[in-house]
């Protein structure tokens, strides 16, 4: 049975043109004028774009004996409701745990996903076993990216020695390292000091990790990657300091990619000064929101190409979960939602304001990500043969974001009250219509794991 | 009658994949496995890439009562022999001359072109007539780019006032200004001083226009473009100073494009110190060759994306013509050749050394140019519907560049003695095979003018 | 008759130590403990510092048939009341006027000065006469600095050709060029456009000359100075763009000095949005006030040493004079006051906040200026043999700035309402006490011209 | 008994003037014309400057059971022979050793010094004892600077946690941290890899620690200092990467000082490629010599003020000692000589070439150092009351540097064959003539320890 998306304007990372798109067996089989098929999706007045890819989410992430609130079912449902058709989650081994064992747990969790997904593997400890299993992960498990935490001292953090060893291992395997770049020693020390001085509220979270602390870690990771001879992907680049390190490296010819989050692009540190503890705590994430000067830097980076993609770091905790940290900001679970809002927010604040072209919007939300993570053009493309992960984007639809109407299971939204113009008319995952305007037609378990090969060509 | 390029690997600005390419009526009609057609071109072991586009050439350019040596016939023959399938020339009105009249002259000159071409219009004087004719040029003549000379005082140069007026006019028309960025006042003053002091040889040409002089003019043009609200294209970016100004602007979100020449990427200022006057004079061009630090900067710019495309500024004068300047370097006609060497040189020194990926090679020699000049995907693409301007690139073929074997009509090559690996097996212009290895099958007059619309989407 | 400043702490650009200072015949004759003399000035609890030098004032400046409101009498009275013991004014020849004739006018105007003064000579037109007279100015008139306006098109502005010629002439004479750096062509064009569009109020003054316009002109002047082989002094550096150009140049080893004004360090562009026309118009000066990001840049420049001195550009017009520009912002006389507030404001916002050390305060208000303008250690020093231009600074005295109590003759203050802590207890001009706390003891005509030699050693 | 230096030109960090200088009791007692005294030193044709201060030497440094070849006797003899009148050595506690015990060893070693000296205390391990003893060191021992090694893993290196703790402790005590900035983890890993691959020669030492490795460590130390709220002094800044980090920090208002070595300013990495093992090994030091681009950066930093002082890191090992490392470059003792050559080399390559003024020469070799280390104006000044540490500099004297004639005890010189113009006629240590042209009149034990107070005013 074939579907045709009819009457729309195809917008890709490098083209804008009128065409119908035909889908059969989950892939795009024809692009051109006047196509016919068994089922017609009316795209008139709409842009037909590659579905969004969120390179950075944490669904059902283990935390203090419980889990982040959105699991693969609700998380991917939120994703498609906002036009995102693929997510990449992080497999997080416990200290000492086999990478394979951890991966099995993530495989199990992801069975209910509505849209496709892939994994980054985190290197949370180091040893011969990890060294060896990395090869299996790359060669047999379809994972070509390894995440490293320079922060979260005492739990996820690895030291420079381990980092450098892992980066060199990545180089051998054709894999790419990712880093959460904040100096964990300083964060730990500052946090202890703040608590000691009685600064226990959510605003102290921001004080504990200023921009210089992120810039330093980014700069260090870049040097290590350069010495190891691997490219580097810096997740959640939130500030000018980190961006500066990235573009300085790029200007020497190094292959470094920066990923601002939609939150950092549109929200600022004043959120932490809200008198309502809940309001502030719900925004606690690492790195924290920054001031507007940093926002300007991030937008300019997307315009100039010195920053490469936009993610969410979706890691949703309920207000109840956030309240674990009353009286001690270091116990507030780090993370915010945003999966369903990334595309509408970026369209509204990026394309709507003239900062980004539509093609750049597609590039930073989908195509660049697919290329960097080595799954282009299966994903991130409107091309014959590509997966039919498509969003039919209605630039006229608008809404006011509110937790009351959101798909994510948590009880608030960091974007509460924001008006967005530009929303999906249809979202398709491998040809299946998952969303039609406000109606969800998602199917648990439809999502499949996307294997990604090493030696990215980008 | 159909042609099929068979057995090759298609390489575009963002994809590398094995496929055959079918051509009918001058355009690509099918891309995929196992295609058949009336004529087969064997691409086994080869890369099938969009033909090169040279955004910056001067064919049969009027000069002191004579013309630059390569005309549209020989120049485009040289182009296709090296895999370039389109050139963009500069229409240069005389002071006071109607833009329309000048364009007619360029139309006449270009009738013998072997491959397709387009024009930039130069603004060499200013007045109400120019202001008005710019609209006609854009709306009726298919030209969306206007060149401005900040140097060549007393002939082509326009002052800041005129520049700003023209940039504002471009903004109204959706056109993009181009600049030759050197401070003409300083160059004139320095040249006079050097001559006065007895520095009359070709090396004094370089002394008269150091990098700071180019950097200043670039910086000034960027500010004017920013104030006028237009993007800007900086031709022949030769040095770190100019590149720095461009990337500083880009990092503020300004849309500025830099164009290094293959000469500046691979040759340096030591050429001017050759004891042979002819050797040095043949390399006289503006901006002059720079030192290796500047080369590093240009390569890094291509890697980082802060520089956008690679051109030649092909403006070939014979040794006899160069000798007009014996005893007075300011009379040496400015310009060098390179049209047929751009692709092999960039491949050898860029892809062969690991600086650039193959996809980046295609981007900077073809696709980026097509996008920036608003003729993508008609040009610069391997897509169904695109013009079949294609080079079938044999990465194993090699040669030593020598004037003795070159296609250009001049009697020397600035790349004399350079060994290149990577050469066309076939070059096709709108489906017609113009080159098969060393055999030229060019056809005078086959080339057509390519009209380009305003309001580039890039 | 001798005086001794007793019981204070001497603070110079590089030292802080307790000592008495003895003065005889207008110069310092002894520095040390337990000095005695005919008259004792009690400096207990105070800092004994070199009197401030304002390198940039316009007293009784001709304007539209009238003059700026503070003349040499009232202006220097204001100066000493705030601890400034020397000012440098600008001699402004009319177009075509002999530099000598202009200088005679300035000599005449300055006879009533209370404190010492010197002149910069402005190059407002170009020709053989100017070229020749520059030598006389330098060799016979004790002026080693030449001011150039890159803005004020149609009146003071010189073009690049003239600028470069003058810079080269400065190089020959051992003189240093100064520049008012804004692109006059753009300012003129933008101003016309704004007026045309009905933007006639004072806020449009700021719109007509954004930071990029200043940055460009600074960058251009630096290149010209570099090519001419002279150092360069950039007056009223107001923004990051201009500062960036200066520090980029300095980082190449070029000798470039930047002069932020106390106004730009402490006031911002929001002043222009005041609904009161008078309020806004009184703040109209060029360059205009900038946003806080630019303020941060200027302060950091003083801390890092990339900016060298702090001035006022004191050019006071009354509200009546400002009102010439009602209905046309281009007719509002450019200039603000500040001579008497520079030291207290910089102490309060610089030293008081911990941004600057006391020694840095002395450096940027006095010593650096004396060195750069080549009159150190006659001026700018607490050394035996130096002129006894001294301020005895009481770090505890405070006041609220208000026009009601100011010395300047104008009817308002741009610093109205600012509280300052740190004020002179005594100000001495060549040993004569001119100010004792709030009591003025100034003497018209006491001030002398300070001749400055070429070939600055700095 | 009094001495008068007669007929010279006094050159200080901010003045150049003709005067005699009178000395009594080891201090300067009078400066002025026509002074008389018991003994006259003829300074005609000479510059009378503050004696050099070398802020970074290692005399009799313990190493593998032996010591660096120059001890305090021969080292300070070498110093004064070249116009340096004070050195600052590093007290290096063993792991676990009391700072007090270490200091006692250094006190013992230094008894034979010919000129004055001071100590930096190194933090080579961390614990409550160190934390507590730091206070004693600062309050009772006259040491206000603490050195930290980010390299030398397994021996001197401290980790980020310790570094940050120590920096915070410095902040409390008003002390300033110093850092040897190279990433020790990377150096160790690279060294092991190089050895493994058979790269055992001295050139591999340079490969093991490229500029990025130094830049990273500098950047990290700056962030830590910023977070701790202390200024920072970066020893042996050798490359653009480190310099860039320093000036970026300074441009944010941070107080960071960079110290290039005379070796890095004048020698380059090509030395390591000499076929003679001894030649290369004698140049092994950390950081290693860099290429000429880095030299340009260092010189420009001295000109712009973004780098503050010039040192030697004098740590002289004989060829025999260097040969410990035959077959394993990691065993070559790190260090070169230079104490006696710093001033002549910097004068020749700095002042002689026009890069630096004479005043800047004094600043970077003496006055800036005295200020930053908080011993100005006792040291680093030609002022009444200052110690009579003076060099009478003959700008016409010249020599060719050769080990054959050097004062240092080692058997070679890294500056062998360099011609220098500008040498001491006299060197005085607290008024005692130690050197008269080529004649040494040094006195073992004349040197005294210089106590330095916390809370530097600079």
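Lettered A, B, C and D in written order, each chain numbered from 1.
Keep this in mind: a contact is a pair of C-beta atoms (placed from the backbone, for glycine too) under 8 Å apart; a residue touches a chain by one contact, two chains touch by 3 or more.
If you're wondering where the values come from, they're calculated on a predicted model, not measured in any experiment.
The chains in contact with subunit A as well as with subunit C are B, D.
Chain centres here are C-alpha means, and the one lying farthest from subunit D is B.
Taking each chain's centre as the average of its CA atoms, subunit A and subunit B sit 39 Å apart. Once the centre of each chain is set as its mean CA position, subunit B and subunit C turn out to be 50 Å apart.
With each centre defined as the average position of its C-alpha atoms, the distance from subunit B to subunit D rounds to 53 Å. Across the assembly, subunit A contributes no residue that touches 2 or more other chains.
In summary, the structure contains touching chain pairs A-B, A-D, B-C, C-D. Of all residues in subunit A, only 13-16, 247, 250-253, 255, 299-301, 303-306, 355, 357, 359, 367, 371, 376-377, 457-458 touch subunit B in the complex they form. Put simply, subunit B touches subunit C in their complex at residues 159-161, 164-165, 168, 183, 185-186, 189-190, 210, 212-213, 215-216, 219-220, 223-224, 226-227, 244, 248.
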